[in-house]
Each structure stands twice: as C-alpha cells, then as structure tokens.
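For reference, chains read A, B, C and D in written order, and residue numbers begin at 1 within each chain.
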Amino acid sequence: MDLMLIAKAIGALAVIGLGTSAVLATAAKRFHVEVDPRIEAVAAALPGSNCGACGNASCFAAAEGIAAGEKPVNACVAGGQKVADAIALILGAEACATAAVISARHCGGGIAAVRSYTYSGVTSCAAASRLAGGPLACSAGCLGFGDCARACPFGAISMDERGLPVIDPVKCTGCGICVRECPRGHITLLEMVPEAAPVVVRCSAHDKVKGRKANCSMCCIACKKCEKECPSDAIHVIDMLAVVDYDKCTGCGTCVAVCPQKCIDLYGRVEGVDAVVADGAGPESQAAPLQVGA
Amino acid sequence: MSEWMRVFRQGLSVENPLTVLMIGLCATLAVSTQFQNALFMGLAVIFVLTMSNVLVSLFRRVIPDQVRIPIFIVVIASFVTIVDLVMKAYVPSVYQVLGIWIPLIVVNCIILGRAEAFAYRNGVGLSIADGLGMGTGYWIVIALLAVIRELFGTGKIVWFESTLISLPAGYAPPSLLLLFPGAFFVFAFMIAGARLINERFEARKEGAA
Amino acid sequence: MSTVSQLALLFIGAALVNNILLTRFIGLCPFFGVSGNMETSVGMSLAVVFVMMMASSATWAVWEYVLAPLGVGEFLYIPAFILIIASLVQFVEMYLRKASPILYRAMGIYLPLITTNCAVLATATEAAKPGFFKMNIALGASLSLGEALIYTLGVSVGFGFALVTFAALRERLDLAPVSRLFKGSPIAFITAGLLSLAYVGMSGWFGL
Amino acid sequence: MNSAMKLIVPVLVTCVVAATGLSLTYSLTAPKIAEQDRLAEERSLKAVLPEADAFGCIEDTAVIEQAQAVADPVQIIDMFQATEGGKPIGWAVKVSSRGYGGPMIVVVGLDTSGSTTGVSILSMNETPGLGTKVQTEPWFLEQFIGLPGGYTDGDVRALDAISGSTRSSNGIRNAVAAAGRVYAEILFEMEGVSE
C-alpha cells in the first residue's frame, strides 16, 4: 500500500473539491438574485400549461407580469375565474369578474361538404389550405385535418366521424390557440363566444346563397325564419348569414327547432345541455326548452 | 416485502430506463454490438447504480441540498472508477472494447436521475430495490439488443473464444446491423414491438375482465 | 503548436467526419430529449458550445497543473473532471441569472441538462487526458491547450449542427402520417438512423 | 462565513473518502494491470517469433529516433532483439498504426535476414465484426509471412486487403511496410552489434 500515492490522491481531489465548492459557495452569495416570493406563489397558482393565451411566453413570465401589476389579476384566460380568485387572494387585490369565453365552430359540413379536388398530402389544415385554398368547394368551411385538435393544450377539441372538431365547452378554457391555429379561423370558422352561449350557428359562409347550397347541404340559406320566430329578437340575418346576439339570447331554442337546414345547435356551459351530444344532432337533441338569464 | 417487489418490478417494465424513460441511450447503442460486452456493461451499470443508490440514501439527511449534485457525482464517479480498474485488471479483452463507455457511465442519465429522484428521498432498502430493478431492466434490454445485433450481424454469438450459437453457414450477415445506424433501426423496431405486445396484453386483459 | 492546416483538419474532423452525436453516439440523451422543437435545440446548442469550451479548458488546466504533477491522474480523472463540469455548470447558471436575465432565459434552462450530457465529459476527457484522443491525426501524445480548444470547438459545433438538423427533421415528422406503433420515439430513432448514415458516409474524408 | 463552511465541508469529506477508496483500489489493481500488459506483450512477441526464448528491448534512443524518422506515418513504440540461447535470431518491431477506429498496436517479427516471420495485433478498437476481421480472418495476417528480406512498400501493397474494412487492412499493411523500412535503414547495419 503506497501511502505516498494515497496522500497525493487525497491532496489532489481535496484541492479540486475545495476549489469547486468554495467557488460555488461564494457565487451563491454574491450572485444571489432576489426572486420576489409573490411571483413564485402566483406562478404556482397558474395552470402552468404555457399556452401563451395571455400573451406571455410562459406562465412564469405571466406571473412576473401579474405580480408586478403590469397585467390584471385575471390575465390568465385559460385559468378563468378559479385562477383569478386564487391570484387575487395572493396579491390581496380585489377580484374582478373574468370575461370567460369559449371557442365555437361555425361549420356543419365536414364530409357533407362538396370537395373540389381530392387532397392526399400532409394531414394538416395549414398545409391543405395552401393548395388552392383547400379541397372544399365552400371557401369558409372546416377542412377537418385536425390542426385545432392537435394544438389545443387542454384536450377540449376532438375530431368526430363527420371530420369536424367537436369543442367540449366544459374543458375549453378560451385560450384562443385553436382560432390562431386554424387557417380559416379569421373567417370566424372558430369564434370566441361567451361561456354561456346557449346556441351557435353552424355556418360562416357569406357567398351568394344559390352557390352556397351547391357547395354544402348543411349551410344557412338566410331564409330569416329564425329571425322572425325568435321571441327575444336575438338572431338576425346579416350579410346573408344568421348571426346570434348573445346579450339578448335567452336560450329558448326556438331557432334550433325552426331552422329548415337544422344548422343551429345548442351549445355553451348550460345545465341540461350536453353540447358534445347536441353538436349537429339538430332539434331532437333539445333536452327541454330552457330559460337562461341574459 | 411486497413494497420492495413493487419497486423492483417497476424498474423492469413500467419505468424501464431504456424503452420507457429513454435515458442512458449513449452506451446502450454503442456497446450492444457484442452479447458478451453488453452483459458486462449491464453488470457494471447494475453495480454502480445499486451501490450509489445505497450510499446516497444512507447519507441523504446529512447532504445539504445546495451541494447535493457535486456529492452525488463524486460518489458515482468513484464507483465507476472502481469498475474501470477492476475490468482493466481482470477482463482486459472486454475492457478494450468497452473503453470509453465505462467512464461515461458516470454521466449516464439513469444513475444520476435515480440518485436524485429516488434514492435521495427513500430508505436504503427501497433504494436497493430501485437500483436492482432499474439495473436489471437496463440489462435485459441491452442484452436483447446485443443478441439481435450480433446474431444477425455476424451470424454467430461469441463468448470469449467459444461460439455459443451460430446461424446456418449460408447466412450472409448484413454488416449494417453492426454499424451505428443499424443500432438505431433495431432499437426503433424493439420499441414498436414492445408497444405491440403491450397492446395485445391490454386487449387480452380487457377481453378477460 | 502544429500547423494551421492540421488545426483546420482537427476542427473539420471533430465537427463533421467524427461527429460526436451521429458517428460516435455520445450524448444521445439530450439529442432525443431536446430536439422536440427548434427553439429549444438552438438554445441547447448555444449552451453546449459555451459550456464545452469552458469545461475543456478547465479540465485541461487541472490535468496539467494538478493531476499530472502528482501522478494520480490515472485513477482520479473521472471524479475530478465530472466534479469540475458539474460545478462549472452550476456556477455559469448562477452567473447568467444575475448578469444577464435575457441570456439566462434563452439558454439558462438547458444548463442543468448539460451536467449529465455524456458529450461534455467525453470531450473534456479527450482534450485533457493523454492517450484518450482517438482521432486519426498524428498529434503529440497529449493535446496542447490550443489544440484542445480547437478540438472542443469542433465537437460542440458538430453537436449543435447535428442537433438542429435533427430538430428540423422531427418537426416535419409530426405532420407525417405514421402508423400508431411507430408514432413518437420509434420514428425518431429511425430518422436518426438515416441521418447518421449520412454522417457515417463521411468517415474517411481527409484521411481522418 | 460558517454557512459557506456548511456547504464546503460535506463536499470535502466526500472527496477525501473517495480519494482514499480509489487510491486503495488502484494500488491493489495496478500490479495486476501491469502484469496483464506484460503477459499480452509476451504473447504477441512469441506469436511472431516462436523459436526465440528472450527479447532484449533496444534502449538506445538514437537508434529509435532514426527508426521513427523512417517509419512515418506509423509510430515506433519499442524494438526488441530476439535471441535463442543467447544467439540473435531476429527482431520484433512494436508499432502503433492508424486503423478505422483509432490507433492499432501491431508487432512485426523479422528474422536476421529481414524477412517477415509473423505479424500480431496487440490492441485495436475497430468495429467488431468488420474491422476486427483483420484478426479473425487467419489468411490476412499469414499472407505477410515470408516476405523476402529488404522488402519494399510496393511488395506489401501488392498483398490484398479485406473487403469492407480497407482502412483497418491499411493499418496493418502500413505497420509491416514500416518494419521493412526500419530493417533496411537501421537493423541491417546493427547486425554485428549483438554478437
């Protein structure tokens, strides 16, 4: 046992160990960065899915903004009321109501929509829409390749057998990523509607009605029946398309029953209505004529 | 005892370091050209993983949190060096091929990962279970990979000088399997196969339930 | 110090011909972990270049002035080098967080990943410990500081190059129709295999 | 200051314990490793010159430098003079030559007339199953035996390589060619020295 070797080995490793840990210890003191504990608390309250709906790259960045007061307490769109209350509690600021919104699909076509050519490229709406505006004859309809479903960080969107994204209003946090992701989102194919939106029009086409019917059997034909029948004057045909005024709509469901094209569905976080089942099921799905506060 | 077995079995299948967690790939793909070397590599990983888990969990209350990484690393590095020296002394032919991959066990993501994630928070008994479990899980996958690559890559499996199994003479071995790209392809098909077996297993279980 | 052409050969050999990721298969854990999307890969590559250069110079200095004179390098090089790299990474993380938060945000989150990165330790050992350097260039028994730094620069640039190319491939992969059995990591492995075929094809260039 | 000490002391203790442990293992295994190397060298020298019973290593640095100048691109490690019952019967040249996976240590045996008596590989890290064929394919090494004394590089290059591992084969061929050059340059005159 060569004692000299052992002594030298201990010396060498001790020197390195001492050197490195001394450097770390002093660095820990000198470079100590005071991180505002409130930021960490707020960051913990945020959902942490880094969805970017509040405009920040990550939840931590959003937490910094909220704690510094640059951003309102309810900045986190995805978190909704629950998160806003928690943050308000942490920061002691008064809690204000969040304008909760959810996403809604304005298209009932899917496989029923006429195709102008058969597309067999990369399965993504973004790619398909670059090829002559997409395979659909209707210029505003949903292409059905599931970009929104893939992009949704909360798994609220799933593609059904008709090739249409079914949005579950309970899971949807209104972060708006699907609207950004959908190449036709700006033609309000996917629109942010109030959380308790009782009905939604399953069409967003503005072209002439005669041509529209040839493109898709499920389209709104601007017959204005819904406008005449609606008891609370909450639905009007503007620019050849039925549009719902959610401030006035009481959710009586008359328009759903009276529409000849059956392209208005029950929707929104409303008791007694399972929006996912109601999607495209037409009037039969109406559980009961429901009264909802304005 | 069942808790011990649960942790042990966890390392084998549910949290298998290679097929599931995808860590510790560097040495696996490189060394699995020969069954004999893969076995020694697996043994080395099991030894280092279990021993470092034991030491880390023994002293976990004494180690201050800010410097836990340097201490873990010195402990793991010491065991790796012991393996390095012992292999150089007693199995030089294997050491020649494993060469650089023995020192790299120290940065093998499995060992530091388990030390920090498991051993630093659990008792010695469980840490041994975890070490053995993860180690054996690693060993099985690397041995399987080596059997496939060596048998189909060279037509026979050699244990030191004697040949264990050899394919019929007419077999012209595709040498791609021995090159690195081959390792990727074989590993990819192994994972896909593992998924297929899991699905079949789940389907049969549902069928039975 | 050897001639400039030898240094250039050393750099190209380290970056492309013997690319550490795709021909020597060292450092695969972050390679598959981080290459999910492009920003993380670029951030990781920058961090790796930065840390590798410092790690190699630190290990070279420790071998030259501490381990070699005492003659204990033969069995102490593994704990010594990895201890230096781990502390270096922790030091850089603390320094960056204090000195420039923007750089920290871009690069900082990957620093803890680098401690367990096999490529950093492998390159630092090859640069510092004589007899470990295996490339086909007849340099002295051990590398001089200049050669060690050029070699490390080559390796880290090669690492970043391979990582970014693979990240680009993987982003295209997400859109490709792949059978459910191969979705995710198996198809990533196969793509990595094809990419490494290209790099292995480069072996033997310039006689390296 | 004591908070810093609380951090430094545990690291220091671990380092000291690790260093003792490792140095103990090293001092235990070092002789075994040395012995392994010596045995391996002994075997490879015997392989090329079976009849020799002793190998005297040539220490004269001037000779080694002279040989190295001639042997490029291969590096000379050692040169041995083989004797049988005290009578010199040939030389063994141990060189390091570049293969595919890195340096290969090759021993080339020459008899007193300079003709090759055998070639053996001490260590290499070629791709198993491909590069290692230079060792496992018996005909490859045997083809170098019996080259006439004073053979030139041309004679060596005329011999064939293993398909699929040309770089490994070149590594061996460079070694044999270098040994030929060293013999022609230096060993030839040294003939009388050992009597």
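Throughout what follows, contacts are C-beta pairs under 8 Å (C-beta built on N, C-alpha and C of every residue); 3 or more make two chains touch, one makes a residue touch a chain.
Predicted model, so just to flag it, every value in this text is computed and none were measured.
Participant: For the chain pairs C-D and A-C, which is connected through the larger number of C-beta pairs in contact?
Facilitator: Greater number of contacting C-beta pairs: A-C.
Participant: Per the centroid of Cα atoms for each chain, what is the distance between chain A and chain C, given in Å?
Facilitator: Comparing mean C-alpha positions, chain C is 40 Å from chain A.
Participant: Whole-Å distance, chain B centre to chain D centre, using C-alpha means?
Facilitator: That gives a centre separation of 34 Å.
Participant: Can you work out the whole-Å distance between the CA centroids of chain B and chain C?
Facilitator: 22
Participant: Could you tell me which residues belong to chain A and also touch two or more other chains?
Facilitator: Each of 5, 8-9, 12-13, 16-17, 20-21, 24, 28 in chain A touches at least two other chains.
Participant: Spell out, as numbers or ranges, the residues of chain B touching 2 or more other chains.
Facilitator: In chain B, residues 66-67, 70, 74, 77-78, 81, 85, 179 touch at least two other chains, as defined above.
Participant: Can you pull out the residues of chain C that are in contact with at least two other chains?
Facilitator: Touching at least two other chains: 72, 75-76, 79, 83, 86-87, 90.
Participant: Chain adjacency by touch: line, ring, star, complete or other shape?
Facilitator: Here the contact pattern is complete, since every chain touches every other one.
Participant: Mind pulling up the chain B residues that touch chain A in the complex?
Facilitator: Residues 66-67, 70, 74.
Participant: Name, in rising order, each residue of chain A that touches chain B in their complex.
Facilitator: Per the touch definition, chain A meets chain B at residues 13, 17, 20-21, 24, 28.
Participant: Once bound in the complex, which stretches of chain C touch chain D?
Facilitator: Residues of chain C touching chain D: 72, 74-76, 79, 83, 134-136, 138, 203-204.
Participant: For a test of understanding, state which residues of chain D touch chain C in their complex under the given definition.
Facilitator: My answer: residues 15, 18-19, 22-23, 25-26, 73, 75, 98, 100-103, 125, 167.
Participant: What residues on chain B touch chain D, complex-wise?
Facilitator: Those in contact with chain D are residues 33-34, 62-64, 66-67, 70-71, 74-75, 77-78, 81-82, 85-86, 88-90, 92, 96-97, 99, 150, 153-154, 173, 175, 178-179.
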